[in-house]
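Each of the two complexes below includes chain A, the first together with chain B, the second together with chain C.
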Partner chain A sequence: MRPFPAKLIIILLLMALTGLFAWAILSLPLNGTSLRTQVFANIGHSGVSNPVTAVLLNFRGYDTLLEITVLFLAVLGVWSLGTIHIPDLLQPAGLFLMALLRILLPAMMLTAGYLLWAGAHAPGGAFQAGAVLGGAGILLLLTEVRFASTIDWWPLRTLLSAGILVFSGVGLGSMALGGRLLEYPRDWAGILILIIESAATLSIGVTLMVLFVGGKPSKADGTVSMKSTGQREDKT
Partner chain B sequence: MSVSILYSLVGSVLFSLGFYSLIAYAHLLRKILAINIMGSGVFLILVSLAYRWPETSPDPVPHAMVLTGLVVAVSATALALALACRVQETTSSAQLPEDESD
Partner chain C sequence: MAESMTWSQWLFDLPLALVLLWLAWRLLSSTDLFKAVVLFIAFGLLMALAWVRLHAVDIALAEAAIGAGVTGALFLSALKRMNSEQQKLDDGENDDERRDV
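What follows is the complex of A and B.
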């Protein structure tokens, strides 16, 4: 904790900052033009009917591509900080938890699939579906800690990078066909967005699960050993 | 004053509250939480300003920006937590050292 006068100065400065924000918000013109009109004028060409998905995957595709890259960079950063040793479970998960998991996991997969599909015309899409998938993965990790040692397995590593690969592949492909980067052919926009979103969903789900482990899982001579992810979290 | 403006003002207060914690406390976990509170304030401002015209459908562009921002915030938090764990392991303390000249 800082001494009292310094605290007071910080509080006064932050109150001034809040006042500045309030002034900026209140002075926004109420009848100014917004990008909304442009979005709704062009939504017929975007391949989807949900305006948020149209903005995310078509009009502002760059943002989403870079965002998936940020997720990937976060995994690289976490993995480069060191390895984590996954323990054998000291105590197997309870009967009730296992039974619950058996019901919950398929339901969560189904929900993720639905959200992905619904994203074309209703609130939903790759991020929501990816978050549900990530939640399912974390639940699996918490119940079956040994599962974490499979994270270094090549199919999971492929899924981790699938989002970037497919998204930039489609973007470059549209360039090769004579368009600009990420400019989808109009008739194919809907199906291309669905393909990109499916890959992004899997990538986001796996990324969130991998980030939860908090380090690159290591396997010492085939058997997993040492401290648990739970203990590691307790220390912070 | 419309409800959307009220929510935006709450968002800016939330941002400043988070900013205060970020500056005032030396513990890394508090700093990470503070950055998340600041982010929530920004998201609240964006989402509510998109709804300034209640008679029409909300502006989808800020909504898409918030969705993007949420994912970035989650991954940045995960990286920050991993870094904080690393600091804790190396220095056996998750606090930043206090300045001696204060």
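What follows is the complex of A and C.
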């Protein structure tokens, strides 16, 4: 246990923080939705009809680009922790899990594709689709040994960085065409957003899967051998 | 929004909010980490329901998939690794302070 004064200070700080949050919420204007009118006034130019997607991918596309970059940095952080030999991570899958997976995986792929497509006009979009894809990948990691050991190095890295590369590529491309950063040409906005979201979906899915592995996957069988589950390789 | 809420909506929302607070307290105060993770997943699923009630379906989808699903799986695998590392430590050093895993 911590000594008494330290505990008291922590409690006081937490109370101060809670008070600050309460004050922040209470000081919010009740009808401070001036951005709402702006979004709905310009939604016709955004290329999509779902206001959330319009904000995320068009009006505030820069924020989303940074968010995807943060996810990418998270992978780099996890990879710097050490190497993991994926086959060591896996356990023999039970019959029930395998049977379930046969039904679930196609359904999850379909759901991810639908969420991606629906994002233009209804709730959905790259993050939701990517999350479903990532969930499917994690299920696959938990069961199918052969799949995991055949993940190739370059395809994996390409998929991981596809979101950032395509997003910033489109952003810079719109600059090259005379606009500002991430200012899509108006007629092309819809298709460009779909392209960005497709790449981002794949990246987010693979990112979540790779984060689940919890370390840099070793390249191929035999390069790193470790005795037990999830043991880190000491880098020397 | 508040004036248009009917008693049936209150009947749903109030228990939901109370259960969320209760789950949050239980999972934070639990000393059993596995139990805390399971409670966290339950919290995430109910939180998704709360987002739906707040008309934020996008966030509800993300909460259910990432908050409950992926984070829950991450926590469980981290827990497994922690336990196996702990076991190795215990086996190797034979300390007097042993922990059952």
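In this text, the second predicted complex is superposed on the first by the 201 of 236 C-alpha atoms of A that agree within 3 Å, B and C clash if a C-alpha of one lies under 4 Å from a C-alpha of the other, contacts with A are read in each partner's own complex, and residues count from 1 in each chain.
To be clear about the criterion, a residue touches a chain if its C-beta (ideal position, glycine included) is under 8 Å from a C-beta of that chain, and two chains touch if they have at least 3 such contacts.
Because the structure is a prediction, the values reported are computed rather than measured.
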Touched partner set for A:Ile138, first chain B, second chain C, both or neither: second
First (chain B), second (chain C), both or neither touched by A:Leu115: second
Touched partner set for A:Val52, first chain B, second chain C, both or neither: both
Chain B versus chain C as contact partner of A:Pro106, first or second or both or neither: neither
Of chain B and chain C, the chain that contacts the larger number of chain A residues: B
Partner chain in contact with A:Gly169 - chain B first, chain C second, else both or neither: neither
Touched partner set for A:Pro185, first chain B, second chain C, both or neither: neither
First (chain B), second (chain C), both or neither touched by A:Phe127: both
Touched partner set for A:Leu211, first chain B, second chain C, both or neither: both
Touching both chain C and chain B, counted on chain A across the two superposed complexes: 52, 125, 127, 208, 211-212, 214
Complex interface listing, chain C residues touching chain A: 57-58, 61-62, 65-66, 69-70, 73-74, 77-78, 80-81, 84-85, 88
Sites on chain A touched by chain C in the complex: 52, 115, 123-125, 127-128, 131-132, 134-135, 138, 208, 211-212, 214, 228-231
Contact footprint of chain A on chain B as seen in their complex: 5, 8-9, 12-13, 15-16, 19-20, 23-26, 28-29, 45, 49, 52-53, 56-61, 63-65, 67-68, 70-72, 74-76, 78-79, 81-86, 88-89, 94, 102
Contact set on chain A toward chain B in their complex: 1-3, 6-7, 10-11, 14-15, 17-18, 21-22, 25-26, 28, 30, 34-36, 39-40, 51-52, 54-56, 60, 63-64, 67, 70-71, 73-75, 77-78, 81-82, 125, 127, 204, 207-208, 211-212, 214-215, 232, 235-236
